[in-house]
Structure formats: structure tokens, C-alpha cells
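These notes open a run of structures that come right after.
One chain, chain A, appears in both complexes that follow, with chain B as partner in the first and chain C in the second.
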Partner chain A sequence: MSLWVDKHRPRVLDDLHYHAGLSARLRALAASGDFPHMLFYGPSGAGKKTRIACTLRELFGKGVEKLKIDQRVFLTPSKRKLDVNIVQSNFHIEITPSEAGNYDRVVIQELLKEIAQTQQVDLSAKQRFKVVIINEADSLTRDAQAALRRTMEKYMSNMRIILCANSTSRLIAPIKSRCLLVRVAAPDETKTIEVLRYVGKKEGFDVPDKIAHEIAEDSNGNLRKAILVLEALKMQSTDLDKPLTIAKPDWETYCHKVADMIVQEQSPQRVMDVRAKLYELLSHCIPPTVVLKTIADRVVDQVDESLKADIMHWAAIYETRMRVGNKKIFHLEAWVVKVMSLYKHFFYDIDMSGFDD
Partner chain B sequence: MSFFQPQTRSAPQKQAADPQHQPWVEKYRPKTIDDVSAQEHTVAVLRKTLTSSNLPHMLFYGPPGTGKTSTILALSRQLFGPDNFRSRVLELNASDERGIAIVRDKIKNFARQTPRAQAVSSDGKTYPCPPYKIIILDEADSMTQDAQAALRRIMETYARITRFCLVCNYVTRIIDPLASRCSKFRFKPLDSMSTSTRLAEIASKENVPVTDAVISALIDTSHGDLRRSITYLQSASRLSMSTDPPTDIIPSDIEEIAGVVQSSVINNLATTLGVELVSSDAMDVDSSNGVKAKGFDAIRKTVKGIIRQGYSASQIISQLHDLIIEHPTLSGRQKAKCALAFAEADKALCDGADEELWILEVALRVHKALST
Partner chain C sequence: MKPFVCLAREYHLAGCITTSPIVLISRDAEAVAAAQQSSRGTTANSKGSEDNALWVDRYAPKRFTDLLGDDRVHREVMSWVKEWDYCVFGRRQGLGRGRKRPRGEDGDNLDEWKRPEEKILLLSGPPGLGKTTLAHVVARHAGYEVFEINASDARSAQVVDDRLRPALESGSAVGSSKPVLVVIDEIDGATGGSDHSAGFVRKLLSLTYDRPKKKGRKADPKASRPLLRPIICICNDLYATALRDLRTSARVVRFSRPNDIHLVRRLREICDTEGLRAESRALTALVGIAQGDLRGCLNMLQLIKAKGREVTEPVVRTAAAGMKQVDMTSTSVLNDLFSPMARKRTKDLGLTEEDEARYVRRLSREVESTGAMDRVAEGCFEYYATCHRHDANFARYLKAAEWLTSYDVLSGEMWTEREFALAEYLPFMFVGFYPLFQERGRPKLERPKATWDHHVATTANQEIYASLARCLRSAAARNHGDYRHLANGQILQLEFAPYLNRLISPPLNPVNRQIIRPCEKATLSRLVDIMVALELRFLRDKNDDGQLVYRLDPPIDVFVTYDGKRASDIAISKYAVRHLVATEIDDKLAAMRSEPTEKNKPKRSNFFKQRAINAGADDDTSLPAAKRSKQDHIGPAEKVAVDFFGRPIIASTAKASSGKEAKIASTKTVTKYNVAYRFNEGNSAAVRKPIKVSAFL
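Right, the complex of A and B next:
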């Protein structure tokens, strides 16, 4: 049995719950026959992929839902073999470039050329083009982005690209210039509650007000999270009447512990302890940026107002260095030390000017 | 209107050329160099080469959507005509493998071939068809330094029979020895006049009524990138036609499509940071009289709200920048401090840094600059 997030995922534009204006725009574009390349962006769980799937359905009809998964082998320039899973229907193909790592350029180019050179064989197809969906487009390497540029222009007659990303700042300007940008905002609390109620009704129960509010607030606009939590709670107690606490994921609790450790004591020994914990988090594949932001958010809640801005300033600086640099842990650690020294400085009013920068 | 087009079944091979369904950017790509808007200097120089049978190596550079690729393709087509194009022009772009091996192999092989004799043109026109070939290296800024270095010799050795045209956004990414072998042509962001003329032309050919206000919204949102303004125009026209009854395009449609952040969002952020709003926009914000900057928590909350809305950080920062830099009462010193923060954020975002952290950073620094 599938999870509620999938089971109750809207399939057509008309069933989408919020941003009705946006749905209408997508419908108009799909009907016009000269559909542009598009870039959907917005926070995680806001409904980008759902909206893309609905748009495809509008473009091609029910046929796009018949998916098959292919495993394909690509050859890198250095003759290494790469296995990549590819989801496709008769009308579209979907790739997640992070699966190809540093060789995303090779994979994308081969696929695109292949698609561009094959004509739509299905004569009943509503459109003459095929659609290529690129998920997590903001993690495309620069190389792969550069390679997309001319391809997007050259093969426009039988191919359209839909990019899906969390943010646009990691995409190069020429790519943005070639796409119609579509922002998908996260639903606000009322809208989230509406969706929760709807899912509840479909499953044959009413979601109590209080629960709905709590889930919506906790989800922070991430609808996927909200629906998953609702399902989990319902499994715990069928009546949803007992006071419930929404369990935080382990890594979050762990990050909070690290934050508390930083605030409680500032010493070389503490740095070592924190370091061990950071390693633990990274080795569980929690993205370093998420680790840093979660810890920082918790730290600033516990310190004096005059320190908060500085702590966030250094979080921004060290996060950037982490992106450019290679060893994530170095920069996480450096930030921890920086925060400890700021904190000590503040408490004992030591002259720390030698530590600036 | 697009469904069930009978001709798509009877003549599948013609599908690609059906202009009715082509995006306007491709449909209105300049066919000759005289179609190219703005870029007068470049066009004037290139026009001479059409008659003189002499062409230097060239380097085109400039921001996206200013006509670089269109110009070189149009020029090549005018020089050689459709029948000789294949044998005389080699176009390679970033999607092609262009490592050093390819440079040594494919490019060199093409460069050394003696140009084939002119084929009789089937369309009855005569083309200058000068005695050389052209190699177009589009998006050359994504070529590695090594590959570029390998080009140097080839460019010199076969200069008599082969001309190179390098096309790129950032001229600094082309190694000096290559750049110095080429005549450089800078493609400027399109000025308002040229953009507006071109857009008006397209609109009238497509029978789309546009007002001056719409054109000026297109100019403001596309920053001299013609491709972008054409895409916006086409999308806006699709949307306005789809309503029942069809409505006219209005400037706010364009802003919506272009992802401009509503001024109420920016104003709300600004007041949280202690910026006093003086324009008429201040009406949108409840606390328009006697702004008082709020503390860290309020700022963080506002920033988190913005992130939830999915706005792009660079768009937020650039609009906040405009508001602050053009602010009538802030001191020069305050503006300077803010400007530093904006600049650092821009760099960090280009390096792929986290958007939330940097909007917050900018916000906190503006807040600090204004409260001292």
C-alpha cells in the first residue's frame, strides 16, 4: 500500500489545492502548443514535482502516467561505466543528475541528443515534442549547465526541458534566460490545513483542529512532511484524541544537543567533543549546510541579543567557504570555535581583537 | 488550437519547420545580420566583410540574449548560402565534447581541409562564398585552458583557409594568446529603444496588442536580455488569450512572469530593518508612520517567511539594494555599509552559498548600518 503522500497526490491541474492562479497559467501554456522551456523553483515539499506531473498530464493526457524504469549504462570520457536509472514514459523522460555525480554532463547530453534525434512515433500524441525533466537542477555542475545552453535552442522543435530546483541562484544566467521561471511558494498554514483535512476525509476521518494546526505549524510549509506526519500520528493512535507530540527526526535532536554543548562550555575539550558529533552527523549523510543552519538556529535562541547577528554572520561566511572548499568538517569546526570565542569574549569581556577574521 | 493538427500526421518530416508552434525566440531569430537589433558597430563591420571576402578571426562576447549566436549564424548563412553551409561551417558548442583531444582531432581536421568548391546554390541566389571555412566555437568560455591553448597553433597554421569565431559571455575566460589573435566585438545589453522596437515588431506580427506600459515593464524586467523579454511577451500573450473573454496584457502580468518580488514584500522587509519608507508604496505597510527597527527574532522571522515564499535570493537582494541606494534620507555612510553587504552577498550566492543565510546576513547588516 502506498503512502498517503503518493496516494493523494493530485494528478491533474484542476485537483491542485492552492495557487489556483498558477495552475491556470500552466493550463494556458499547455494548451498553446508552443510550450516554453521551464524552470520550477521553490522550497522543498511546496509541490513542484506534483505541479510538473500535472502539467505533463495536461500536455499529453493519461499516457504520461505509464512509467517504466530503465537502467542505462553510460561511458564517461575516461571510459568508466556509469549506471543510471531513468524514468520515462512515451512522452517524457526524467533524470536526477546527482546520480551521475561529476559526469552529469555526459549523461544529460547523451540523453538529450538521443531524444532530440528521435521523432515522436506515437501518431496520436498531442504534442510533437518530448519533455525532459531534470530534477535537482541546482546541483547540476557548471559544465552540465553550459552544455545545456545551445542544446536547449537547437532542439527546441522536438524537445522541451523542465528544470526543477530549490533555488535559482546556482543556475547560470544563460540557462535562466532560456526558461520561463515559475515560482512555487510553500502553502501557508491555512492551505496546509486544507490539504490535511482533504487527505483525512479521503481516508475516512476528520482531522481535529488542534492536530491540524500543530502539524501545519511544525511542517513549516513542507507539505510532504505534513502529510507524512499526519499518517504517522494516525498510525500511533487511531482516534487522534490523545495529546500528541510530533517526533523530531533524530538528526535534528542531535544537532540541538550540539548547540547546547557549545553554549554550555567553551573549551578545547568541548571542541573535540563537538567535532566527534559533527563527524557522526556527516557520516549519516546529513548535508553540512543543514547541520550548520540547524545548530546556528538553536544557538542564537540561547544567547544574548548582541551576539546573535555575529553568530549568523559567521555561519554565512563559513557556509560559503564550505561550498568553495573541499573539507566540510574544517569549516564547521572553524565556525564552532568562532562561536565559542565570541561567546567567551562576551562573557568575560576579553579583548579578542587578535582573533578578528 | 494546437490539438489535432491534421498536417502533423500527413507530413511528419515537416513538423520541425512549422513556424506556428515555434517559440518566438526561435521564430524571430535574425535571418540576416541586418535583422540584428542594436549592436550597430558590429553589424557595420560585418556588413563590409560580406563584400570584401576578408574576415579576421573573431571573438564575440557579451551577456546572454544579446545576439551573439544569432549574428554569427546569420553571417555564415549570408556568406555561404544553405548549400555550402554544411561543408564550410563547423559549429561546436559546450554540448559537444571539446576537450583537448577533439581540438587536436576534429577541429584540426576541419581546419586543414581545403575549402570545397562552391556548390551551385539551389535557391537561385548568389552568395559571396569566400575561399575559407568558418569554425564557430560557441560558448567558448566553457573550454578548458588546455584546449584553448591547443587552438593557438591551429589558428595560425590554417589562417589562410579557416577563420575562427569564438563566442562567449566572459571575455576574461578566454586565454590571452587566443583573444589577442581575434578582432573583438562586444555585444552590449540591448538599449531600451532597440528592445522596444523589436518587441513592438514581434507583437504586431503576432497580432498581440501591447501598450507602452507593457513594453516598458518588459524592458525593466529583462535587463537588456532580448531573449528573456521575448519569452515573457509570448508567455504573457498565451495567458491573456486563454482567459474568457481574452484580456489585454497588463504590466503586472509581465512582472509576475518575470519573478519580480511584489513591492509589499520588499517594503515589509525594509521596515523590519528600520528603513523609513517615503514613497507612496508606504501605504501597503501598516506601520508607515514612525518606523521602528525590530530585533533579531523579528528579522529572522521575516526572512524565513521570504524563503517559504520561494523568492530568489538574488532578486530580493537586488530589489532591496535599489530601495536603499535610492533612498532619499539615508546617509552616504549608511548606504556605503549596505552596499558592501550587497556585494558580498552577490559573490557568495554566485559561489553557491545558502540563500537563507545570506538574505539574513544582508538583512542584519542593513539593520546594523541603519541603527548606528
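Right, the complex of A and C next:
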């Protein structure tokens, strides 16, 4: 029993709802017999993994859907044990090296070599090579990427690599130049609505126009989120006829609350209150960069036009610093204080340094 | 200098038996050695061999009454040692006297070996106050032989096994009839933090909790014996990470700085004995500079004596310039950063106002000497906003934030790029706080807690995320890889966790199963399907008020709970609903288990399921009418059938009653076979008896 997100996930290239041109190209590639290394990139929820799965199906046929999931233990140089989950079929293997944190290099080296050095034994297999899918490739460390680049050339006869990333910016150039880059753009609103209706039809109900529009707008091109929301709504009210509000994820609501607090009052006491809320967000494992972005977006919505650019400027600066540093809360609060100061100066429009002791 | 250090140690080891010397520690050794050498150079011809002894040793207290400092501390230590008397000496000592009756005399907190409640005493305090001396004096006074482990020994977990355990188990030191008392000096430098399972402290603690197999039975010689001798641990920094576990289970005694007057009086006596002329003012100044460090004072005096000078205030001040820096903890540094120097301290150091105004060098050195700059940073972050001074336009806050972020960026860069040459700049990042936030008369700052609290909360939540991810993965394994994409970090945290909570809390009305509406029935079955697939459960539990509740397991509802409040759009399902869902889940699971294809699926929380099944079997009324009528078809004999473990076989009946008569037939045909089963007979002494399989069914 699966969630709708998975249940109605297209399995073959023909079933994909959008990016028809891309599907055609993928099909051609799969048929050409000269399949390259690939890098799929695009925003979250755009359908990268769906397309990868469909391409594999095109390459190897139905056998690729027989998945086996198991855990492998890798030993770091310092003899620590790392558990990494591996999804594999007879024709491909799927890993998320970022599970191993800083030791992703070990996973890449050991696993890829092992796969690359064994040839496909199944004579009836459609292709002579195996495919390795690397998820979250943009969080690979430099070491891991460096380990990858040689392997990609050396074992081309036995193995193809498909990388899946949100953006290419953190991948080193040698990797990018070895791959065929495929950008999967997020579906626009009409496409999202189309998919929502499709899901509804398959489940035996009609998605009302209003709701479909709202979901599509809210999801901002993230189809996975859109379908999750639809299913959650359907659970809340079976016939979807009541006036429904689309629930935002709770961390987002909470971020907005923080933003409102910043705009309402600027005082040392408020700084402390905001700090408590920031701690709460961070302890829920919400990535600090996401927190900063969400709050900044919301603050910018509410302040005067002339302040917006400045606020974003400082958000960018503090996010850069945050990425280097370790204590994320320092930078978040530094930004909050900066915004409060900017806002206060703007509001009173006077230089208040004279009032200070 | 090296040979001298060794000499001093040897002297100390030999001296253990006869005197109670102060232990020389390597960090003092240099200054001391310098003093000693010069003293030898000048006075060797006049005085001879007696002068080779350090004053620190020569004037070390020999008797309990000689001890200098807070009497209450001394008595506390003594009374703890005396509490061991019952265990170590039997009822021999300390009872007849009537006074200082051990705390646990009435037997309340004494265990079967008559040991005090805390088996370890932890003495803490700044250096030079006489902690080690106290331990030795008290031990001797109470009739023990001291067995000491200090910084000159390795302090790894192995030492506990190799040296401590034999010493403790034999009960007395080699060549001595007295029982042994273990003194572990400078335990804060022990290897392997307390979280390290093989660490020294952990091992030490395990020593105290070891119990013998059982009384009366012959003890296994390998089994560890109980701890029957007292252990005194000595440390400078009570809050060192290595001591985290020890702190909670040892009796902690803190040393504080003795009153200056007593110190000056003692110094005066010594000066008189040594024939050293000393001004009272100078001695007071010396004590002030040394911050009560008696050892430091004595070394200083000996140095001055060796140079053949008199003790006057300027001499003391110049000589003190090279005195070792006192250990700074991060808390004391924080206090120095956020409040100006105490007037008394300024006077002690003889600083002019101008000197005091030059804070940068002083504070940066203090920060540097802590060696825990991250903790200072956390403290600065925690306290800068609690300042009372008005900050109308956030000018000072901005600066503080700037300093903190610069520190973090710099140290982040330093660690990732391994450019440790940058470390020199780090202390200056905090000095800026002094002019911005120093306030006289603010309450003493405590250790910053927020970071730790945050860390604890984060790890707890990470744990829940991890268990949810595990659930997703095992769901993926059963559903042809369907859920696996949702288990990836950010997707899980940002999208799936919040919506999953909405998915599993549909607005159901608390009804029992008979009168459920068809539309709700669909929702219910969908809910049950999802929860079963994801291995989410409602576990019955009691809340604080003793009420029965069902709580989610894993508790993924924390992801929609911020500030202790749940998201407003998610109704907390009532007890009755959760009960209904829980029983449905159990039925479903039971049905799945009985299906052959699901046989090899991992089984979770068997215990609970079994209990719930029993509960479900008890109230038949909760089954739908249709089900009940079908159950009647099956007949009473099968209904009360009990399996090998005494459980009612609800599984097969539930499945059978789900509508397939054919299945019922098949289950009935099973009984027709006559299966002879012969167990592989080995050398069993059990009574053998043929038995029918039906007896097990």
C-alpha cells in the first residue's frame, strides 16, 4: 500500500505528463546503444528521479523494477562503521552517499570499484553495463567527487553513472564535463493541475478547480508536495467540498511567525524571543539556510520598498558566512539584529546614535 | 632541569610512606626547579643538605589540625572517610568517641558491605590550595595507606585493571598492614572522555558498581569483587567533560580560597622560621597576586630568599611578573568579559587606572588560556543580549553580532582548511565585548546552557527522523521501492514529516465499528493501510495524570509541535478513535502475517500486538455484526482454540471471517492429515512420550 505520490508515479517514459521533448530524447538515448553518464538536475519535486527510473526501464525492461533494499557497512579509515542503504536491481544500484556524511568518499570508492570491476553476468541483459544512480550528488564532498572522476572514465565499459542533484553549482567541472547534463524543470501551474486531476481521476474523484489551483499555487512547482497536500486534504475531508485551507508545513508557519515578530517590534527583549524561536526551528532539524530564506522572504513582503534590497543583501551575506561557520544560530541572530536595526532606522528616519550612551 | 624533576618525583614516591608531601606536578616543575637551582647555587655552602627540600614540602601540614583553609571542607572530607570505617575496619573506630558520627550509621544508606552511599569523593578547586595535601593528611589520620595515581602515571582505562583493581582487592598496600586508600590526582586530565566506553572514568565508575555473583555461593575467581576501599579523586575543573559521569555519582567537595589573613599568618610563621625578613604589606600583596595559591606563594618566597633579598612589596611585584598564570575556566573568562575587574583584584595586582583601562592584552590572554574558545563564544552569545544598558539603535548589538560571526567564520575556515596559524587571532574576537557590555554589579554568569539544551533537543529529534526514515526504508523494501524517495534528508524534514502528520489524522468521530459510516469507513481503511505500511503504531500508555492514552510510535507528531503546541489544523484524535485505529491495525497485521507471502516480513513489537489481540478478542461486541455472524459459522470449538503459547488464534479466524469460505475449508482440511513427526533424538535425558500435533493447536 503506497501513498499517491508513489502509486501514481509514471513507470515508463510514455506516461510522463510533461516535458515531452525531454522524454523523447531520453528514449532516443536509451535506444542508441551508446548511453552516456548523465547528470539530472533541477528543483526538488520536479520529477528527476521519476525520469531516471523511466529511463532505466527503457534501458533494461521490466526487470529493473525488481528492487532489493539492503544495508551495507563501510569501514572508515579511522575504523568507524558506517551504514549505508543500498537499493539495487540486477541492472542498477542506487546510493545516497551523503548518508555517510564526510566519509562519502569511502562509499564511492569501495562501492563503485566493486561494481565497475564485475561484468554483467546475465547474458540476456539488454545492456552490457550496469547503472549507478547517485542521489544528492550536490552534497558530495570534494574528495568524493575527485574519487568519482577517474572511475567514470576508467570503467566506462562496465558502468554508467547517473547523478541526481538540485543544482550543478557544487559539482566540480571535471564531473560536469564527463556527464550529459539534463535539466528537469519544475512543472508550471497548468501541468501541476493536470497531474492533480489525473491522480484524482485514478482515485475516483474529481478535484475541484479551486482546490487544484490553490494546491498548484502553493506547491510552487514541487509536484511531490502538491500530491502529498492533495492526499492530506482528501484525508481531512473526503468530498473536498468544505472550504479547505491548504496547510503549510509547520516549520514554514513558524518561520512566518518569527518574521512577523521581527517586523512588529525591535527591542533587545524581542531579540531574545526570536532567538528562542530560532533555536526551536533548528532543533527540529530545519536547515538553517532554509530558515533564513523563509524568514527573509516573509519580512521582505511586509516592509517598505526601499528596505527590501538591503534586507536581502544582508540575508545573502549572512548565509554565505553561515555556510563557512559552524554555529548557525550566531549568523541567524546577526541577521535578525541587522534587520531590526535597519527597520528601526528607517521607521524613525533619524540618526539615533545620539540617544545611545 | 630534567633530572631534577625526576628527582623530585622519586623523592615524592619515597616520601609517601613517611610524610605527606605535596605532589609535584610537571607544570609547576619549571618554576620550582629554577628556584631550587638558584637556591642551591647560593646557599649550598652555608646550609647544606636540609636546604634541598622545597619549602612547599618542608612546611606541608603533617597533622589534621595543621591544615589551612576552610575547616568545614576538611571535616566533610574526614567524615566521608570515616563513613568507610564500618566497612574497612569493622566497628572499631570512630564510634566510641561519640562525635562525628558517620552519616549512614543508622544503616539507611549503607549497603551490605556497610559502604557509604557515594563510593567516590571528588575534591575540586583551584591549584595550590592543598587538595592533595588534605587527601593525604586525612588518609593518614584515619589510618590508611595512600595509593596514589597522578599525572605522572598513565591514566588510561588499562591502569584501572592493571594497578587499581589489584590494589583495591588486596585491600592493603605492599609491605604494609594498613588498608589502602586510593587517591587519583588530577583526574580531569584522564584519557577518554566519559562518553568513551573505554575511558578511565567510565572504568572507574564500573569498579564501584561491580557486584559479586551472589553471597553464599562460591565466587567465581574471575568475577569482580565489590569495591571495599575509599577512593578520593582530585580535580581542578569540576566541569571538565571527562568528569561528567563522575560528578553525578561521587560526593563532590569544593575547595574555596582560604581567608587571606590565615594565609598571611602562615607565611609570616614560615618567614620567621627561615629567617627571612618580610613586610606584612608585601605578604598580603603576594597572597593577593597568587589568588590564594599557597604553593605559589611558598615557591615565590623561597625564590626571594635564594636571591638573598628581603620581602618587600616592589620585590614581590617584580618577582610575581613571571608567576604562572592561573587556570581560567570559560565561565570565569565570561565573567571577566562582562564585568569590570573587581576593585580588590586591581589593588592586589597594583594596577593603576591606566593599566586597568588597557584591557585588550589582559582579556585576550585570558581567553586564550581557557583553550575552549567555542564555549566562550557560546557564553558571549548567550549573555550579550541580557545586558541592562539601553541600546536604542542596536549599535552595540550589531557590533557584538559582527564579532561573533567573524569568530565563527574564522574558526570554521581554520578547521576546514587546517590553517591553525589563524588561531592567534581568535582570542581578540571576544575582547570587543568588554567595552560594549561590561557592567558592574551584574549577577555572576553561569555556565551557558542554551547550546547544550539545543543540542539535546536536536539529537532527540534527529533520532525520531532517523527512525521514521528506517520505517520508510523498510516500507520501501515491502512495496517495491515505493517510499524510498521520501526518506532523503530534506524531503523528509521539510515536506514529508509535516504532511504525514496530516495524512494520519483524519477527522474521525469516535464511534465503534458497527455504526461507522461508509465514507468514514473508506478513510479509516486508508488510514490503517498507510499506518501499517509505514509501521506507525498507536501504543497504549499512561500519561502523567494516569489516564490511558494512545501515543504514536515513532512519535512523529513532534514535527508539527512547535513551542509545545500542536499545529492548530490537526485535530488530536480522541482516545476512542485511536483505540479503534489501533485495533484495526492489529487486525490487519494479523491478517498479513497469516498470509504466506508476508511470512518473512520483519515482525515488530510482537509483544504489544499480542496483547492488543487479546484485548480485541475479549470484547467481541466491537467486531462488526457481519463478522460476528460469520464467526458463528466456524463453530465454538475453533473459536476458543488456543495455540502453543496459549494465545487465541484470532489470526486465522479473522482472516477466514474476512469473507472467503474457501479458506475456511482449507483450514479445516489441514486437520485431516496425519503427520507423523519424529524429533531428532539425541542424548536428551528428557522423558519421551508420543504426542499428537493437535495438542499443540
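Convention: the second predicted complex is superposed on the first by the 349 of 357 C-alpha atoms of A that agree within 3 Å, B and C clash if a C-alpha of one lies under 4 Å from a C-alpha of the other, contacts with A are read in each partner's own complex, and residues count from 1 in each chain.
Convention: a contact is a pair of C-beta atoms (placed from the backbone, for glycine too) under 8 Å apart; a residue touches a chain by one contact, two chains touch by 3 or more.
Being a predicted model, the structure only gives us computed values, none of them experimental.
Q: Could you check whether chain B and chain C clash or fit when both are placed on chain A?
A: Aligned on chain A, chain C fits beside chain B.
Q: If you stack the two complexes on chain A, which partner ends up touching A:Val184: first (chain B), second (chain C), both, or neither?
A: first
Q: What is the contact status of A:Val271 with respect to chain B (first) and chain C (second): first, second, both, or neither?
A: Only chain C is touched by A:Val271; chain B is not.
Q: Looking at the overlay, what does A:Arg128 touch: chain B (first), chain C (second), both, or neither?
A: Once the two structures are laid over each other on A, A:Arg128 reaches chain B alone.
Q: So, does A:Thr118 touch the first partner chain B, the second partner chain C, both, or neither?
A: The answer is neither, since A:Thr118 touches no partner chain.
Q: Where does A:Pro77 make contact in the superposed view: on chain B (first), on chain C (second), on both, or on neither?
A: first
Q: Identify the partner contact of A:Val324: answer first if only chain B is touched, second if only chain C is, both if each is, neither if none is.
A: So A:Val324 meets both chain B and chain C here.
Q: May I ask for the angle at the C-alpha centre of chain A between those of chain B and chain C, rounded to a multiple of 10 degrees?
A: 110
Q: Could you look at A:Asn102 and tell me whether it touches chain B, chain C, both or neither (first, second, both, neither)?
A: The answer is neither, since A:Asn102 touches no partner chain.
Q: Using only CA atoms and the superposition described at the top, report the least gap between chain B and chain C in Å.
A: Shortest inter-chain C-alpha distance (chain B to chain C): 10 Å.
Q: Using the superposition described at the top, list the residues of chain A that contact chain B and also contact chain C.
A: Overlap of chain B and chain C footprints on chain A: residues 324.
Q: Taking the touch rule as given, give the residues of chain B at its contact with chain A in the complex, in rising order.
A: Those in contact with chain A are residues 1-3, 8-9, 12, 15-18, 20-26, 63-65, 69, 93-95, 97, 99, 138-139, 141-142, 169, 225, 227-228, 231-232, 234-235, 238-239, 241-243, 257-259, 295-296, 300, 304, 307-314, 348-358, 360-361, 364-365, 367-368.
Q: Mind pulling up the chain A residues that touch chain B in the complex?
A: Chain A reaches chain B through residues 24-25, 27-29, 31-34, 36, 41-43, 46, 77, 109, 112-113, 119, 123, 126-128, 142-143, 146-151, 153, 156-158, 167-170, 173-174, 176-181, 183-186, 220-221, 289, 293, 300, 305, 308-309, 312-313, 315-316, 319-320, 323-324.
Q: Using the touch definition up top, name the residues of chain A that touch chain C in the complex.
A: Of all residues in chain A, those touching chain C are 1-3, 5-7, 44-45, 49, 65-69, 85, 87, 94, 96, 98, 135-136, 222, 224-225, 228-229, 231-232, 235-239, 245, 247, 249-251, 253-254, 266, 268, 271-272, 275, 277, 279-287, 290, 318, 321, 324-327, 329-331, 333-334, 337-338, 340-341, 344-345, 352-353, 355-357.
Q: Given the complex with chain A, which residues does chain C contribute to the contact?
A: 374, 377-378, 381, 385-387, 389-398, 401-402, 404-405, 407-409, 411-413, 415-416, 450, 454, 457-458, 461-462, 465, 473, 476-477, 479-486, 488-491, 493-496, 498-499, 502-507, 519-520, 522-523, 526-527, 529-530, 532-533, 558-563, 567, 569-570
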